[in-house]
Amino acid sequence: MESNPSEIIFVGHCPDRVGLVACITHFFASENFNILDLAQHSEQGRFFMRVEGKGEGYSQSIQDWKRKFYPVAKGLEMEYTFHTLSDRLRVIMFCSKTLPCPLEIISRVLSNDLPIELLAVISNHMNIAPIVKQLNIPFYYTQTEGETSHFEEEQLGIIQKLKPDMVVLARYMRIMSDHLLQLLAIPVINIHHSFLPSFIGKNPYEQAYQRGVKLIGATAHFVTKDLDEGPIISQDVVQIDHRFSVSDMKQLGADIEKQVLATALRKFSERKVIQWKGRTIVFH
Amino acid sequence: MESNPSEIIFVGHCPDRVGLVACITHFFASENFNILDLAQHSEQGRFFMRVEGKGEGYSQSIQDWKRKFYPVAKGLEMEYTFHTLSDRLRVIMFCSKTLPCPLEIISRVLSNDLPIELLAVISNHMNIAPIVKQLNIPFYYTQTEGETSHFEEEQLGIIQKLKPDMVVLARYMRIMSDHLLQLLAIPVINIHHSFLPSFIGKNPYEQAYQRGVKLIGATAHFVTKDLDEGPIISQDVVQIDHRFSVSDMKQLGADIEKQVLATALRKFSERKVIQWKGRTIVFH
Amino acid sequence: MESNPSEIIFVGHCPDRVGLVACITHFFASENFNILDLAQHSEQGRFFMRVEGKGEGYSQSIQDWKRKFYPVAKGLEMEYTFHTLSDRLRVIMFCSKTLPCPLEIISRVLSNDLPIELLAVISNHMNIAPIVKQLNIPFYYTQTEGETSHFEEEQLGIIQKLKPDMVVLARYMRIMSDHLLQLLAIPVINIHHSFLPSFIGKNPYEQAYQRGVKLIGATAHFVTKDLDEGPIISQDVVQIDHRFSVSDMKQLGADIEKQVLATALRKFSERKVIQWKGRTIVFH
Amino acid sequence: MESNPSEIIFVGHCPDRVGLVACITHFFASENFNILDLAQHSEQGRFFMRVEGKGEGYSQSIQDWKRKFYPVAKGLEMEYTFHTLSDRLRVIMFCSKTLPCPLEIISRVLSNDLPIELLAVISNHMNIAPIVKQLNIPFYYTQTEGETSHFEEEQLGIIQKLKPDMVVLARYMRIMSDHLLQLLAIPVINIHHSFLPSFIGKNPYEQAYQRGVKLIGATAHFVTKDLDEGPIISQDVVQIDHRFSVSDMKQLGADIEKQVLATALRKFSERKVIQWKGRTIVFH
């Protein structure tokens, strides 16, 4: 995960037409920039591209790249960003009483397995506080009884102070209001404990037991105003059988939840995820 | 899969209480019957058990076993059946234009991989007819335009003549009416091309594409009057990504569909499946 | 799977350097050729690329494409091929007594799920003969007792007459001699019934039972003179537990074998597989 | 995971014969003990059984159970143990520089997901020390340069002082000598970063890259004097493709390693694992 300013990531999308790959890769070749990984995709008349590579012999800033690429992008009506590989995503994590997911994220940050900086943990329960504090990560308790507007104001204050690039809900058991989502104006990723669109809403494992499904799973998705309907980033399932009680499902399910959430965060932090019309492009 | 009359399968269920396993296994021990495999399960106050084993030194008929066990069962209010391992399940298969699932079942019968006897194939398309006929399996074409009552009468006639133990719908694209289901009074197993309860009804792959899921799957279930709501026997999924078009999903999905359906049929034909209150017990 | 001459596949590889993607995509753009799918990969100083796309407004033959691309390729020291999407791979299948794999391939050909033409089936057992013949696929029995040189000469004769693009060994239980492999000079793909490199050689399921592994699997690979050491194309496994006897493993393993072999054949027939230094590039 | 003294686990094995299940379940019924879960298995003339259940109306100690069962066991030549569900396994964890596995175990202990008590962490690197110490788990650094006998004596001292039920090697990168294993005389579980028996010994991911496999995996096994040859408890794999570098494999592989190790520890701590002749029985 080491990187230097000459290693950059480009992500862009624009209306599809003949010659796009040629046009963009020509730009990079003219900058003597060596493409190490190129991924592209087209759907419904839209073209998406991610390039990872290394400048030879010199380095230029993200601002330089953005400026130089501007004329190319303008002609293509392209939305685009540049990042250096060493940019770490700045993240705030929300959680509640259930620990496996938040501890997974913390463990991965500690073992340098996720290229993110964990700015703070916000919870409506105190049980994770001692662990978080001992590890020198700022912890905020926000009580979520009573008026939504009240505690969301408190949460907004913390977020506006710390200025994260994104928020992750690691089994945070409250719905984030559309009002707060709009004020945040940054991506929010949630983990839902079912293979969506099955078992939307409360108590998915109880629903799964009732329906008698033979697999349980988890889904990481962007949070939108429509509960459990946001664009899906990653999903996985595990086989179960009739012997699994709801409580067995919860235990086994937690393993999938944390794995799926970690995968989504890894992909997102590597700038490999693009939202488009209710779907996501998640490059390899 | 060879067997002889001394190898039998017992399946039973009754209200749960202390000492059931002891009571039933004592019966088998007193018959000098060696238990090779015993599986039991309790849920919601009900006890379920399957025993596979081998009588030592002598063989007795299924009728003998049923008669001898009757006093034990009566005391326990148990519903039970005995089978010999060599009983092959008699099956009629329904299909439509899509071939992978029906060809899978036929291939497995030909290669002796499923302990079933395929009595006939009924389709509302002619494309599978040459293959089925060349393999000397009776084929019936039933046109399914127009009045449901009309063609279902025809289907009922075939089934009543051939007297199968069960019917399998191998991507048969018509709904079987509740009326027909009741007249048949035998189990009907269907394969649905999604991981139920997601994407009920028509065109599940189109629905999956729209929703942007990252996995697709299939579900084998008993058919009940409630469309796609019957007890689930087996399910599986496979990972996809944004690059999969609906047509890619159909191609990859077919691999899962046929695997899941074959698994359900294998388990059912080995007398390992018990329906109970909208769920299934599927012993290993 | 329908296609027309204007839909083509390009596959090439050459020494890696800056600007390759730009250079090749520029060529296609200058031909007014719309890239629908582009995959590229670099390893160990080698660059690999596959392009699938559609010419706009006109069609040119594979020979035209090859000729026009020649100057580009020469400068890059590139090995390359062009195919039309409608080219079906011409295949001869070898098998023995075990039926699931060969029946899987036949079923997929019948249901139009593999873009291949099955020229003939060659077996050293007669059990598949009736099925193959009834389906109007030429069948050849070659007895494999006695001198290898004798029966391989016979096999070579059949292959040289039918001129396939490749040979698939669908659980053919004889080793193909290096001598025959060299005379054939076409790719030969084999399915091995273990997750290689575990359990090389004879009776992998017996070996798996002895070792007490908790998963079994299968591997499709190119055949080279080194038994079970050829480049791997696809692999998969399934979980088992202590209850699986060798015979249970064989039954469950057959499901994986046929799936893995079908996947390898699909990828190969879509021109997505490149062998390189004991490894394979298998594009999505 | 709460339990009371009336909830017990029985595990036993003995030579196989007719009537064993009947005999043992009769004993429990006569004690008015309600069997909640019964699992049994026979192989190679040996019978294995695990019973989990609840005494009605009274509780007796493990010693009482052992004493009462003794006459039954003696007649059957059975080796057996009794545990209460509330017994937590006392564990010492060894690790080295690689953090995901040890942090996984710690996270699961913190979130009450593993019924174990972590007595201490021993490492030959200091990087995990701050985390372990902050969480109030005793940490021991043992330098492993130089004479094996020297540092193993140190390790033995710690273990003999703390008296664990078992030792887990969570990516500890030194071989434990047969001498130490014999002195410990308790089970030692290791996680190996490949799907054994593939890629035994050093650098399995490098070996996997060279061989060009399409899946990578991990194996949890009992440690014996034969390196990487001990009885396997759990295994899993994940699909990769040609794009995975050795470093990508290490990152993705870590996810499998920690999952597989956690599964093995969970099963072992629930008294569901029996070693027998180089294989393991791992009850559901």
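Every chain is named by a letter (A, B, C and D) in the order it is written, and numbering of its residues begins at 1.
In this text, contacts are C-beta pairs under 8 Å (C-beta built on N, C-alpha and C of every residue); 3 or more make two chains touch, one makes a residue touch a chain.
As the structure is a prediction and not an experimental result, all values here were calculated from the model.
Under the touch definition stated at the top, chain A and chain D share these contacting partners: B, C. In this assembly, B is the chain whose CA centroid lies farthest from the centroid of chain A. Where the sister copies chain C and chain D meet, the same residue numbers recur on both sides for over half of the interface positions. Computed centre separation for the pair chain B/chain D is 37 angstrom, with centres defined by C-alpha atoms. With centres set at the average Cα position, the gap from chain A to chain B is 41 Å.
Residues of chain C in contact with at least two other chains: 243, 284. By the touch rule above, chain A contacts chain C in their complex via residues 18-19, 21-23, 25-26, 28-29, 32-36, 38, 40, 42, 56. Residues 41, 43, 195-199, 210-215, 217, 231-237, 239, 241-243, 278-282, 284 of chain C touch chain D in their complex. In the complex of the two chains, the chain C residues touching chain B come out as 99-100, 103-104, 106-108, 110-113, 131, 134-135, 243, 251, 254-255, 259, 262, 284.
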